[in-house]
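Structure first, then comments.
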Amino acid sequence: MTSENQPESATDSTPGATLDGTIWAEVDRALAGITARAERGVLDLIVHIPPAEIVRGLRALKHDTTLQFDYLRCLTAVDNEDEGIDIVYHLYSTTARHNLTVKATLPNDDLFIDTATTVWRAANWLERETAEMFGVRFNGHPDPRTLLMPEDMDDTFPLRKDHPLAEIELLQGDGMGYTEEDR
Amino acid sequence: MGQGEVLFDNYVPVLLATIVGFFLVLGALLGSRLLAPFSEEREKSTTYECGMLPIRRAATNVGMRFYLYAILFVIFDVEAVFIFPWAVSFLDIGPQAYWLMVAFIAILALGLGYAWKKGALQWR
Amino acid sequence: MVTESAHEFETRDLLLNVGPQHPSTHGVFRMVMQVDGEVVRDVIPYVGYLHRGAEKLCETMDYRQGIGFMDRTEYLASMNAELSYVMAVEAIADLQVPDRAQWIRMILVELNRISSHLMFMGAFGVDAGIIGTPMIYGWREREAIIDLFEEITGDRMMFAYFRPGGLAWDVPTNFAARVQEVIAAVKQGIKDLDGLLTYNEVFLARTQGIGVISAADAIDFGMSGPSIRASGVHLDIRRDEPYLKYSEIDWNVITATEGDVFARYNCRLQEMWESVRMVEQCLDRLEPGLIMPEKMPRMLRTPPGEVYVRTEAPRGEYGIYLVSKGGNRPYRLKVRSACLSNLQALKQMSVGQYVADAILVLGSIDIVLGEVDR
Amino acid sequence: MAVTSDPTAVSPAAVPAATTIAEPATEPATAPAQPATEPVILPVIPGEHPAEAPRLEPVEVHPGKALYKQILPGVMQIPLDLVLGASRKSSLWPMTFGLACCAIEMIATYMAHNDLDRFGIVPWPSPRQSDVMIVAGTVTKKMAPAVKLLYEQMPNPKWVISMGACATNGGPYTRYDRVLQGVDKIIPVDVYVPGCPPRPEALIDALISLQELIMEERGATGR
């Protein structure tokens, strides 16, 4: 499966941004068998990898001799209402001192992706939080409990765009209705 | 002031102390029963575990180490009780009592040495 | 074959709840410790008791209103949190911050690092069992720094002083003199704490060799800040990806090699001396000038795009991942919390220690629950 | 030996709160008591989760009455009231219950710069020996059962100071449904302290007004 690696100029970032200044060459070589589409972000290089091959790509990036992305900075998700949910991995190499952003776009109907805890242990809690906040399911996660929500509330996803904010209670009432004499 | 009165005079302060002590304790207990607003709530009797309900009964059997330390402490505490009266008056009870106490302490030190060598003080 | 009766004499482990309300969990952090006698067999951390949805609320507020949430998320080092957020907005909106504003930001950020580390010293003393003295020592200097911040920004903790593009208003005229005063007081304070704790034999016996984590594990857990530098990893964003003016002044990164509780404590202590040196150098380089770019739009709108900006907060890397689809509101804002990643290594560091030492290990990571739960 | 059965967080709701009719006549219904005048706009809080409701019920207050108030005739209670009030107000032991940013200001108030020890106010870690619960910070719905349990574990007479905007009505986080809009939804509060976070002087002022409250015998849970 040849990797279509001609970096078509990304639409949303600055048009016509060439990728020569970035580390796209090594990344493309590291992700040999994986379809990867590059894009120039404001600060770092952004690589889009399809969700099916995400863990293979991350492992290749980590164990590559020149890139050595051994540090997972941050793992989160972005809910673009209709285009699905993007899972975003920010990687950093403590030895080669360069950054990379890897994104995997999940369609809205099947929010399943493999877990990255096999690659970095740092992903454990970050995935638990992303799972409970966006409803994404990480297959093979060692400890799929909720992190920030209570244990028995794993069906509401607060950070989704369709989750409304709470209304400010117009009438605060007098708390629990304890008048002075009661106590 | 015969022999009896002297004996008796020495013990008046002790008597007073016990009476005052007794009334202090009684006052405290009665006072709190009388003055404090008691209320029986179900949750008040739960064991305090930082705001959460205890997960499992805490009355599990505990390691032997704690018991060994307790026993050793009791032994040497009692030894200290014997040393106090001697320490107060050992100047005027002659050298013979002094060496007796040294022997007493040596025997107990032997016991401590044995416990130490056998690893009773080893915590891990 | 172990007979049935032998089982009764086996010591069953006790599930100890070091719960949300605990003097040394530095906030509402809960961990269930499986304890066998005195030795910790297993630690299960529970977080989320302070999850207040700062990220969700930031999405409904424009860029200036979001600054308040950053203060309240990292409430011990609000300046560092504001700095990350403001730099992320500037990176997306491509704003150039004038030099004077950058120097003032560096002075305030380093002073806030010192005040955060002083709070750590106090809390760490309490964890180690010395109830009052380090707390009183640490807080004496922290009040001096907080008074200075109050004179500049008007508030003791929630400053909201940094704005995208520069600062809200200029510093008072006696700024340099006041900072010199505070630096002199802080130097005396750090010397006192150093003398009180570092050479205290009992403190050394309690902290050396406890809660060791190797460099490889620390990197794998994504730790950052003094906790990872104590394990020998030279990872400091101020030097690796210099922002503000860190590349123009002379300072060095403090690292240790043992990776135990004392190394983390010592890294933070030496970092305070570095911060003092930095503030003095920045004061010399400060000269009058603008604090905001001339043409600042009334309502800041940003072009679509995404950026991940990270700065070195006292506890580690405080990153802001800002996705903007145009308009004056962030489309998605993720706060990368240093304490959350540092906490992941808690179990590996404290299993096998005594209960008292596990509390010390938790204290040595120096967590702030507002940042963990956001 | 890893923990085999994972101990899920046993929330106090598992302990069925005894539904005995509380001694005061008014039944503390979940919705605050409505004044007769204008209708109450019931808050539509999204995600009012069925599993959450039992945890967020207000706590049942059992004030309890001191024996001497029941036995002694009224006029003879006054000297005892004065002595008790003076002693209670000058040795208020708050429970160290810092939740969020307000906790740092609370610690700043305890520390040497603006000292609380001069009022006899000594922070105490456990609820068993404390009289005041200073709720300093945001009470989230995950933390609410712990707040209720700690309040119930405090001996009478006990008071509550709701420190900061978050504890009073949710503060800056009031639009998020995981945050409880005010700690007085679950426990009765005596003194509210405005501010985010309130300055140490504001907290000292609140504690002084609490002391006046105690002298007037108002608001204490159990006298």
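A, B, C and D label the chains in the order they appear, each numbered from 1.
The rule we apply is simple: contacts are C-beta pairs under 8 Å (C-beta built on N, C-alpha and C of every residue); 3 or more make two chains touch, one makes a residue touch a chain.
Keep in mind that this is a model prediction, so the values were computed, not measured.
Chemist: Write down the chain pair with more C-beta contact pairs when C-D is set against B-D.
Modeler: Counting C-beta pairs in contact, C-D comes out ahead.
Chemist: Roughly how far is chain C from chain D, going centre to centre by Cα mean, in whole Å?
Modeler: A distance of 30 Å separates the two centres.
Chemist: Using the average of all C-alpha atoms in each chain as its centre, how far is it in Å between chain A and chain B?
Modeler: Roughly 62 Å separates the two chain centres.
Chemist: Any idea how many Å lie between the Cα centroids of chain B and chain D?
Modeler: Computed value for the inter-centroid distance: 39 Å.
Chemist: Using CA atom averages as chain centres, what separation in Å is found between chain B and chain C?
Modeler: Centre-to-centre distance between chain B and chain C: 47 Å.
Chemist: In chain B, what residues contact two or more other chains?
Modeler: Touching at least two other chains: 50-52, 55-56.
Chemist: Any chance you could list the residues of chain C touching two or more other chains?
Modeler: Those would be 13, 15, 19-22, 30, 32, 48, 51, 53, 56-57, 60.
Chemist: Residues of chain A touching 2+ other chains?
Modeler: Where chain A meets two or more other chains at a single residue, that happens at 148-150, 158, 163, 165.
Chemist: So which chains end up touching which?
Modeler: Listed in label order, the chain pairs in contact are A-C, A-D, B-C, B-D, C-D.
Chemist: Sort out for me which residues of chain B touch chain D in the complex.
Modeler: 33-44, 46, 48, 50-53, 55-56
Chemist: In the complex formed with chain C, which residues of chain A make contact?
Modeler: Where chain A meets chain C, its residues are 12-13, 41-44, 46, 70-74, 76, 78-79, 88, 90, 94, 97, 99, 101, 120-122, 124-126, 129, 146-150, 158-159, 163, 165.
Chemist: So in the complex, which bits of chain D are touching chain C?
Modeler: Those in contact with chain C are residues 1-3, 6-7, 9, 95-101, 103-105, 107-108, 111-113, 125, 137-138, 140, 142-143, 146, 150, 166, 172-173, 175-176, 178-179, 196-197, 199.
Chemist: Spell out the residues on chain A that touch chain D in their complex, using ranges where they run on.
Modeler: Contacts found on chain A: 145, 148-153, 156, 158, 163-180, 182-183.
Chemist: So in the complex, which bits of chain C are touching chain D?
Modeler: Result: residues 13, 15, 19-23, 27-28, 30, 32, 34, 41-42, 44, 46, 48-54, 56-57, 60, 68-69, 72, 75-76, 119, 135-136, 139-140, 142-143, 146, 156-158, 369-370 of chain C touch chain D.
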